[in-house]
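Next, two complexes with chain A in common: one pairs it with chain B, the other with chain C.
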Partner chain A sequence: MTAKEFESTPSPHLTLPSSPKQRDLRAYLPHAIVWVVLLTAPLWMPLVGGYTLLATRVLVLAMAAMGLNLLLGYAGALSFGQAAFFGLGGYAAGETLMHLAPSTPLALLIGMLTGGVIAAILGPIAVRLRGIYFAMITIAFGQAFYFIVVNWNSFTGGEDGLLGFSRQPLHFDTMTVPLSGINYYYLTLFCFAVVAALVAALLRSPLGHAFIAVRENERRLQFFGVKAGTLLWIAFTISGFIAGLAGALYAQLNNFISPAALHWTLSGDFVMMCVLGGMRSFWGPLLGAGIYVVAENLLSSYTDNWMSLLGLMFILIVLFFPKGVLGILRVRVKA
Partner chain B sequence: MELLLFNVLNGLLLGVFYALMAMGLSLILGLNRIINFAHGGFLALAGYLAYTLLPYLGFFGALIVAPLLTAVLGVLVERFLIRRLYGRDPLFSLLLTFGLVLIMEDMIRTVWGAQGLPLQTPAILQSALSQTYFFITGYRVLILAIAVAFSIGLLLFLRYTKVGLRILAGASDLDTIAALGVNIYQLRAISFAAGIFLAGIAGVLAAGWQGLTPQMGDALIMPSFVAIIVGGVGSLLGSLLGGLLIGVASGVTSAFYPQASQLVIYLIMALVLAIRPRGLLGKKGVFE
Partner chain C sequence: MSLLNVENVSKKFGQLAALSDIHLKVEKGEIRALLGPNGAGKTTLFNLISGMFAPTTGSIHFNDDEITQQSVEQRVRTGIVRTFQITEIFKELSVYENLRIAVESDMGISLRPWLGSTQKQAVRRRVDELLEATQLASKAYREVGELAHGDQRVVEVAMALAMSPRLLLLDEPTAGMSDHETEHMVQLIRQLHQEFDLTVLFVEHDMHLVFNLAQRITILDNGRWLAEGTPQEIADDERVQAAYLGGSAA
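Coming up: the complex of A and B.
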């Protein structure tokens, strides 16, 4: 094997968040902008021709992509089966609402646990492999679950998908909040914020630095006596939890979940979102998900051949903008 | 008994297609280091080209010309798109071929329509060869014969010709054969074209068996990945055996429990991975 060909070229700029002392106001500015944009989205979305559902969709997909990016952008492992955990989380949430208890928080919790636990179980097999072989095995895992869901008609509704559940109002001590479109957006945003904060904290921790070390030089880690496989397994599991939660939110966004949510093409879309936005950037997956959802929406409303245009977009990005939007921006700023 | 035999034969036919796909994929994976998601797209394209060429060339003419045309397209794709990605993160070739799948499927749908089409096979091949075993038609025997011929042909080509040996050598150490003066760009183009050609043959044969749909490649590519994993990454013979194994297993399962006929493929994969992580015939060190 030509080792050289396989190692990803080390990027000159690592996205390690710098230590607190060095950070000044300017470092906080991008984050502040992101949060202001997200918090006010239901206000300005209608003005630019969007709608709240679209914004919620972006957040949900961005969450899954952000989880995937732990593997893809930071640990450097090419997971192409993320949709499996996403879809399973969605189905788990739907089944919870239908059979267990009509409670949205419980459905989210169970969806998240389903994605995470299954990732934790499958992880040890997958992390023995690297590079394209890791990609292949994760695709195969994903398709296995796809076929389980398609063929287990009595439980999952088969090809037609799972219908007949709906998100439930949130009950607090003194009041009940109905989950209308806008309220559901803010619930999703809350979940997204929690996930983003945890991921940011993780990336700043020694564990997060170790993920990057796996990507940059696995052999040197071995010399240190660190098992890269274990680190990858941790990243794989965390990303499974996040994908499960995102899937649970997705199922309740549409009050419907279909096998398409587990299909490998959605896994490919998640990978594309990370690359599109910039997979070495913290907010890359969010930006990528935004661009992806808007592009898909616009193209499919203008032309029947939107799939070709989407495919063309993939190819052009791979050939000419492999660093993604934020990667390009960062180079510009530095230059 | 007849039912079982029927399903075994069906499984064997499925396995033949998995194997042809898997061997092509495996060839490209070995030398070009590319997971070619678009393999299924090329397969479908060859089937549709054969559909268009059939009135002019007849079935057997189309069976040869359509895969050749597809292979030429493959060479162009390799030359202008994939060649730029050699040596880069495998992520990018994955995404590029993923984009290609979208385009090819959409183009097929635009040109030939989303509805399924039949591919007319010669009348002489359609009749059953035996009264008792009505399902053994000439066409099914032809599929098996052609697939066996091409599989053996490929293995012999790799083993006994200069180019074939260079492809094998390149798959295990590209840097060295490049240093020895072999034109690895040409070599990669040849191996890519050969892989696409096999997919094209499979596409035309499959179209004659089960008809044409724009998504016909989709249903075949995932089992082909599994065939590679089960057979062992890096071994073409392994891909062949893996494809046949999961095809037959899937066929037999559909006799007893049709719902699990796809799932059993992945169960076999899980089993093989648990017992022998590098696959049936996998070489040591490739699985890293």
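Coming up: the complex of A and C.
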């Protein structure tokens, strides 16, 4: 994966009065910076007082937020149930490692499928609703799964969470790669890059254009003979697959998964990451996840109330910079 | 054989008869105006033709096929495309992006998560053609919300055009426009009518525009058919003058 793949990725919202060619060139640099920063993270993280595990955590959360952002930022539907697919993916990965086969790739695959398939099944119900009602029913879905996991003690470990699995070395033809902290970071980065590449390709496709059309003017889309409900269901399902994969990575990052990974407060955190970073920007969710993890670790060493500080920042961003941190930067560039 | 044939159509909303016993035949290739005072039922008739709702009684045929009960989506596919009184566009997207969405849905590829390069080029070519035809090429990468009102209406027409219409329904195409913008729109409709071999049915209040643009005019009054004819015939019609024109156009 190189930055080159993203050479022509337009930010679908970026409508500078320039030709597509100029836009391609201008779009090249930010993508290159992002990939260089990510590829070298294990090298520079210790220099700024961080550690590799934190970087992996950022990537995992960013992946889930990026999936959510397909719905939230592009299709314009506020889902508050993303953590359900994330958590279920995590549990599915854990159970796979414990009962099915000691294989990390298999655990990732099953985690991803679990999140996606459940989203695909629930989607048709959710997409009948819009706005606040859509947000409400997605919370309801999420909480339903949360309580199932909490109460199903024998299978999920209940409130204590699921313990007793661990990520497994990767086997290639001639060698075996143990998933140490750094190697696991690069495995996560590989998954993140694949997801990011697919999302970027999707946003350049007619389907991606149609997502944005749902957000902008659903009624108009009807007159083009395209059903908004179908589009939202597709976005919901894709975001479920991505959340499931992220959850599977998350479970194996900690070798532990607890019901907190399904709780609606985590769904809210994903929404916050998108909004903080900039939900109209491709890299907004990544930046938002970065800010979130830094705040969580830096601020929490000073105060237990770090969430209220992050909340304050969230309010300020929403009030004054509705396009998020990347939105601020973009205005600077434009001006 | 008429392209559009509205027969005995009535529409009631509860006790209110919005339209009663309307006949309307539009021939292929003509530019027809629908004229009438506020509340005459012009927009209701438009909604019936475009499929927003079904008539209470009567039938609508398009190209000899009965479409009375068809949905909006089905009618769009058969070539009945409308614009709106209130500008309905994707305001935060560029002109190019707006047209691309329309073209992709017309090509039936809106749900494709990827496209081959031939199809990508086909999309690009059609968008470029539309930009060219509607003289929007210089504004292709501007955000639609930033454009002047008149240009936004042109974008709306261009999007309708992207749907490969056979019958183009224009609901007050020059509403809220300056004289200059109105003139531009009239020329554009004339030019598109020729270039794309369109049949146009439009609703308008602006009398000058109606007599200037339409080849035939149908007058509605109070939900009823009142008169029909060439602009000259309408101007000379005494019933029309009495009911509507009030002598101002005579």
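Rule of thumb we're sticking to: the second predicted complex is superposed on the first by the 309 of 335 C-alpha atoms of A that agree within 3 Å, B and C clash if a C-alpha of one lies under 4 Å from a C-alpha of the other, contacts with A are read in each partner's own complex, and residues count from 1 in each chain.
One rule holds for everything that comes next: a residue touches a chain if its C-beta (ideal position, glycine included) is under 8 Å from a C-beta of that chain, and two chains touch if they have at least 3 such contacts.
Source: prediction; values computed, not measured.
Visitor: Just chain B (first), just chain C (second), both, or neither: which does A:212 touch?
Guide: A:212 contacts chain C only, not chain B.
Visitor: Who contacts more of chain A, chain B or chain C?
Guide: On the superposition, B touches more of the residues of chain A.
Visitor: Does chain B (first) or chain C (second) touch A:287, or do both, or does neither?
Guide: neither
Visitor: Considering only the touch criterion stated at the top, classify A:268 as touching first (chain B), second (chain C), both, or neither.
Guide: Touch status of A:268: first partner only.
Visitor: By the touch definition at the top of the document, which applies to A:70: first (chain B), second (chain C), both, or neither?
Guide: neither
Visitor: With the two structures laid over each other on chain A, which partner does A:151 touch: chain B (first), chain C (second), both, or neither?
Guide: Once the two structures are laid over each other on A, A:151 reaches chain B alone.
Visitor: Output check: A:125 vs chain B and chain C. Expected answer is one of first, second, both, neither. What do you get?
Guide: first
Visitor: Examine A:230 and indicate which partner it touches, taking first as chain B and second as chain C; both and neither are also allowed.
Guide: A:230: touches chain C, not chain B.
Visitor: So in the complex, which bits of chain C are touching chain A?
Guide: Within the complex, chain C contacts chain A at residues 72-74, 76-77, 81-82, 88-94, 97, 100-102, 104-106, 109-115, 123, 141-143, 163.
Visitor: Using the touch definition from the top, list the residues of chain B that touch chain A in their complex.
Guide: Against chain A, the touching part of chain B is residues 29, 33-35, 37, 81, 84-92, 94-96, 98-103, 105-107, 110, 172-175, 222, 225-226, 228-229, 233, 259-260, 262-263, 266-267, 269-270, 273-274, 277, 285-288.
Visitor: Give every residue of chain A touching chain C within the complex, in rising order.
Guide: Chain A residues touching chain C: 12-13, 15-20, 201-202, 205-210, 212-213, 216-217, 219-227, 230-231, 234.
Visitor: Show which residues of chain A lie in contact with chain B when the two form their complex.
Guide: Contacts found on chain A: 1-2, 4-6, 8-9, 72, 78, 80, 125, 128-133, 135-137, 139-141, 143-144, 147-148, 150-153, 264-265, 268, 271-272, 275, 304-305, 307-308, 310-315, 317-319, 322.
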